[in-house]
Structures are given as C-alpha cells and as structure tokens.
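Look at the two complexes coming up: chain A is in both, with chain B in one and chain C in the other.
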Partner chain A sequence: MVHILGVLLRDNSFVKIALTRFYGIGYPTAERICARFQIHDRCKIKSLTPSQITSLASFLASPSTTPLMPILPLASPDYEPPKSTPPMPQMLKRDEVSERRKRDPLVGLKIETELRRQIRENIAHHRMIGSYVGRRHAMGMPVRGQNTRNNAQNARKFNKIERRG
Partner chain B sequence: GPYFVAFPNLREALQNNLPIQTQARACTILPSFVGIRFMVHNGKSYLPVTVTQDMVGHKLGEFAPTRKRFTYK
Partner chain C sequence: MPISQTNQLPQNIRESRLEPLNFSVFHPKVLKPDTKPRALTFLYEEKDALRTFGVPKNVLFDFRLYQRPLSIVRDVTISTVDRLQTASGRSSASSRFVLEGASGSGKSYTLVQAVEYCYRSDWIVIYIPRAIKLVDSSTPYTYNTRTQTYIQYDAAFQILQRLLTVNRERIEGLTLESTAAYEHLKGLKAGMTLTSLIEMGLKDKTVVMDILAVVMEELGKQKSRPVLLAVDDFQALYQSSQYRDPNYQIIKSYHLSIPRLILEYASSKRQFARGAVVGAISTANPTYPLPLELSEALQITPPTPTGPWSKRSPTYIGYAAGLQPLHVPEQLQLSEAAVLFEVWMKHKTLHTDATDQLFLSKYTEASGNPRQFVHTGLLQTLET
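What follows is the complex of A and B.
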C-alpha cells in the first residue's frame, strides 16, 4: 500500500491502472505517464523502486513544472541494468525545453484539488455572467440540451453550483 | 473567425446609453460591445442584456432564455 499525494494505491494492481484512481487521470493519461517514466505496462506497484515512487509523486504534485528528461533510446532485450544507480542524464538545453513543452500533452495536466477548483470556477463564471449554462447548473438540470421528460437523473445528482465529482 | 453582426448604431449606443434591439442571438460578443445594453429577442419579447468584460466570447442568445420555467399545478 503506497500513499501518493494522499491517494492510497494497492500493491497488487498494475501501475497504469492504479494511477487512474486520481481525480483527473484516466486510462490514456495514465499510459502516457507510465511511458514518460519508463515503467512497463505489466509492472505492479509493489515492484516500483522508492526513487520511481518519489519521482512519480513529484511529477503529479505539479506536472507543469517538472524538469523534462531527454528521450533516451530503448534498451535491447539482453540489457542488464547496472547494480549502482547511473548518473543523472544531462538536462535539456533551454530552446529544446520550450519546443518540447509546446507539444507536450502532459504539461497542462491538472489533478485532484486543482481540477476541482477549475471546474468550480468555470461554473461560477457562467453563473456570474448569467448565461444559460449557469442557469441550468443552478436548477440542477442537464446543461447540454438533453431530454428532461425522462432520464435526467445524473444531472439532478451532479449539476449544482458547488458541483461535486 | 467568429460569427458576428455589424451594428450600425454601436457608437451612439455606447455614448448615449441607448439599448440596441436585435434578433441576432447567434452574434458573438466582441470586446467593442462591452458596456452596451442590448434587447435580445427570445421569440416573443426583447430581454435586456448589459454586456460586461466576462461575456466577451459568448453569444447574445445565451443571456436571453427562450422557455418559461416548467411549473406543475
């Protein structure tokens, strides 16, 4: 049982499935994160080294400010990792970093509290300007033009000014 | 680019604070519209909408509801 950023991850589950337990990470983002940290897809939480866990935790704490690593070549099948930890690969130069950051899909990643705050701000913005979207959230009705004669149960559950989940 | 309608009396409306009546609900609100009072059509009557800075990317029709609220007697 590993704690990352307040979320408990089960030892026996695959890393890319366990990462989806965070609010704001689904299957595609979890796969991207595993690829970024070079964790293979059948790797379980119990086989992660402490350094990997800390690097994952620091990445998830602020995805936009994590330093970018250079893209290393894949190891051959008969590669044996050295017993001692290898030295840190050289950091990227300034222009390369900005170029990579523009195309990087994980830079704008928001998780947990930040994401919830952003969602609440968006709803509050709509309410403040008095638009149709804000009105529907206030009434607890579906916002995107769904039918309300039947079947509006999820909207009634979730669509509030202080929207949860 | 965004869809918008060129209003001929935009400048006078800004200076004299006159409302502009429109049926163009699909018109995007531009930064030059800020501070103007529009009377947006909702099918039956014209509803007053005062444009603020936050409303800039939205359309005029979002601020004029078209249906009466459902009440069961």
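What follows is the complex of A and C.
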C-alpha cells in the first residue's frame, strides 16, 4: 500500500488505474502521467521503485511548478552510439517552452484541494456577478437547462454555493 | 474403501484411461528429404530451448492437450530444415527468412520445429516466441542518452538468462577477444568468457541491455557454431509500439532497444558469421496486423487495400529489405491430415468413432486448414 497526498493506492492495482483515485485525474490524464515518468501500462503499484514514488508524489503535490520534459533525441537507423554516456537533457522552465507545448494537459493540471477550490471560486464568481448560473446554484436547481418538472434530484442534492466538488 | 468400489463403477475414474503413446522423438537424423508425414514428439526437458524460451500461446495450448508435446512433420518442415542446413555454413546476411501464410496454416509450429532442429543440431539458439510482449508496453522501459533509445531492462534480463540456460555448454569455450569496442562498459576484460560476461549482466540491470548487445556481437563473430535468431509475431516489430515517451508521443519499435537489435539482425546491419534469422508472422492479435512495408518486402498481399499513395515508412522499408518469404501452405496434404487425425484419435479426444467419413468431412469443411481442421473440426464436433 502506498500513500500519496493522503490517497491510498493498492499494491496490486495498475498504476494508470490507481492514479484515477485522485480527484481531478481520469484515465487520459493518468496515462499521460505514466508516460511522463516512463511507467509502462502493466506496471503495478508494488513494482514502483522508491524514486518513482517520490517523483510521482512531488509531481502530484504541485503539477504547475514541475519543470517540463525536453524532447528527447532519438536514434536514426544509422546512429552510432558514442563511447561515453552524455548527460540527460535539462528540464525546461515554463518560459522556455512554446505556447503549443503549454497546451499539454499536465502543464495546468489541478487535483484534489486545489481543484475543489477552483470549482468553489468559479461558482462564487457567478454568484457575485449575479449571473443565471450563480442564481441556480444558490437555489439548488439544475444549471445547464435540464428539466425540473421531473428529475433534477442530483441538482437539488449537490448544487450549492459552497459546492463540495 | 476406495471410491471405485463404493460407487460400483466398472473402473477407477481417477486412473488415466490413456496408454502411453509411443511416437518417435524429433531429431535431425529423422528429418530427411524423403521423410513422409509423421508425428514426432519433442523431448521438452528442463533447459531445452522450447521449455526455457517458451512457445507461442496457441502452441502451448496444444502441448497441454497432448500427452507429450509433439508436432507433425510436413513438407514445409523439410524445406525449412533444408534452408537451415544451407544457412549453417554461411553468414546470416544471406539467410534471413520469414514464414508466411494464411491464418492457422502452421507458421508458429514450423518455427517451433526449426528451433528444435537447430537446438538438436548443436546450434546456439535464441528464440523469442512472443515478440508482441516487447512492444505492448508490458515491461519497464527507460531512456538511455548514449544509445538514444528506450532500454527494456527486464526483457533483456529475461532473454539473457534464458540464452545462458539453453546455450551454457555451447558458449563455454567462447571468450571476449577485445574490449576496444566496448569502452562504455566497465569491468570487461579481454579473455573473459561469455558465460561470466552474461552473469555480470544478470547481476546489474543497468548494464544488462549493453551486455546483451555485446554477447550478440561476440556470438556473431565466432564461427565454431551457427546461431539461430528465431522470432514469432515478427510483424509486431515493424510498426509503432504501445509505449509512449514523456511527451506522450508514440515510440516506434526501432526506438526500443530489443526490437531495434532484432531489426538490425533481420536487415543484416548486424550479422552472424554462421547462422540464420528466422521470423514467423502471426495473425492471432489484430492489434498488430501485417504492416504494408513488411508485406511488400515479402511480396504478400496486404491485409487491407493499398495503393501507391498509401503511407510507407522508409525506415521500416530499410529494415525489411532482403527478407525472403518462406510460404507455409494453407492446406494440409491428405497424408499430413491423416497423421494429425491419428494423433487426436490416439489421444481419445474425439467424441465419436474415428471413421474415414468423419476424417474426410472435417478435412473438407476446414478446406485443409490445420487449425480449422483440429480445433473447429475435430475437437468441437458433436457429430456422431
């Protein structure tokens, strides 16, 4: 069993499935995180090395401040390896990267408390500006034009200004 | 009191009702140009090539059904053996061939027979029965800045360990002549045996892939024994893998360490002084269909319609250049089917009487295809 940021990940589950236990990480994001740390698809939590767990934990603790991976050079068919091992390319800072690469989903990733706070702030903003969306959240009614004659039970249960997320 | 007595059964149901079947053993001496179709068993002992390297899933399934692992010697077996005999005296650059044929025609079985033939003929044998496992993101991988490829250290460890288990006695006399080309590896000394070199690689996973490449290189230089590199699911090496790089781009197979090594031997960029590289195409996994570049190199009709504007990778075309096709006939000959029928009959697996009518009807329904004949015809029939 591994605890990362208070979330328990079971030993026998695949890493790309276990990562979806985090609020804000679904299957596509989990696959990208596994690729980012070169974790193969069939890797289980118990197979992770301590350094991999540490790097995962540090990434998930603050995804927005993690440096970006450089584009790794790949060998052509005629490539002759040198005799010495060159150092690993340096990680890139945010301002060194093009706008296109900043669209990587992992660049602006928010999870757990940070994501919940963002959702609460968005709802509070709608209420503050007096929008329709804000009023519907305040009334505990559906926001996106659903029927209220019947159903709407989930909206009545969950839609609040201080929505749990 | 034994259960058979209490139940008043005519025989003890816990005892096998199958008598030991005496098929001849598969050995090079038995395989001659005029050999008629017959069933030959594999010894399948510990440290044998087939037992250690493993066999493809469909072959393993059949082996578990048989009393002892066996196969049918067909015309294609004899022609494959002929090619291997010719290859034993010359460089692998001129002996690179790929078993191709329709689904269920017996490509994997022919490759298994080729591996067993070479093993019993004292070749050095390296067999990869499931090459899909090298590209389906099921083993760890890590980027290496020196080779600019992704190293698969667990897979390399497994191949090296099995190579040593199977070929230990055959590589005992082989030594490392010079370490000039291997300055990136520490701890190598001229004169050290290949066995100790492999054991060094098995102890340290950070260098296991480099050691595997060195061992293959040294095996390629020696001329005392021919070397066979046999790969099933060969088509999986000629397309993109399921691995992703840190920027989530798909990794091509030639950017993975072990597939790249195999592709280099398949394309004669590396070669064995004596030996052959033999591949077998598999149609079992639709995730890895036959790619266009390989089908054109082998002059096979591609599985999907193509034309001059279809995308072709120049890299894969280069890696497929010079491969020779070895066609496995889709239909069993009647004599071969009769031997196969007799095998299953002796194993008492038929639900009905073993008559000529049953044999001919199932042979016709399967159109002579071996897999259809056995699995769909004989084993699934409820006909009486």
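We take it that the second predicted complex is superposed on the first by the 131 of 165 C-alpha atoms of A that agree within 3 Å, B and C clash if a C-alpha of one lies under 4 Å from a C-alpha of the other, contacts with A are read in each partner's own complex, and residues count from 1 in each chain.
Criterion: contacts are C-beta pairs under 8 Å (C-beta built on N, C-alpha and C of every residue); 3 or more make two chains touch, one makes a residue touch a chain.
The shown structure was predicted, so the numbers you read here are calculated from the model rather than taken from an experiment.
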{"item": "Partner chain(s) touched by A:M128 [first = chain B, second = chain C, both, neither]", "value": "first"}
{"item": "Partner chain in contact with A:G145 - chain B first, chain C second, else both or neither", "value": "neither"}
{"item": "Which of chain B and chain C A:L72 touches, first, second, both or neither", "value": "second"}
{"item": "Partner chain(s) touched by A:R32 [first = chain B, second = chain C, both, neither]", "value": "second"}
{"item": "First, second, both or neither for A:G6, with chain B first and chain C second", "value": "neither"}
{"item": "First (chain B), second (chain C), both or neither touched by A:P82", "value": "second"}
{"item": "Residues of chain A touched, compared between chain B and chain C (which is higher)", "value": "C"}
{"item": "Touched partner set for A:D104, first chain B, second chain C, both or neither", "value": "second"}
{"item": "Touching partner for A:H40 - first (chain B), second (chain C), both, neither", "value": "second"}
{"item": "Shared chain A surface residues [contacts with chain B and with chain C]", "value": "none"}
{"item": "List of chain B residues in touch with chain A within their complex", "value": "52, 54-55, 58, 62-63, 65"}
{"item": "Contact set on chain C toward chain A in their complex", "value": "136-150, 183-184, 242-248, 254-255, 260, 269, 315, 318-319"}
{"item": "Touching residues (chain side chain A, partner chain C) in the complex", "value": "31-32, 34-38, 40-43, 47, 69, 71-75, 77, 79, 81-89, 101, 104"}
{"item": "List of chain A residues in touch with chain B within their complex", "value": "125, 128-133, 135"}
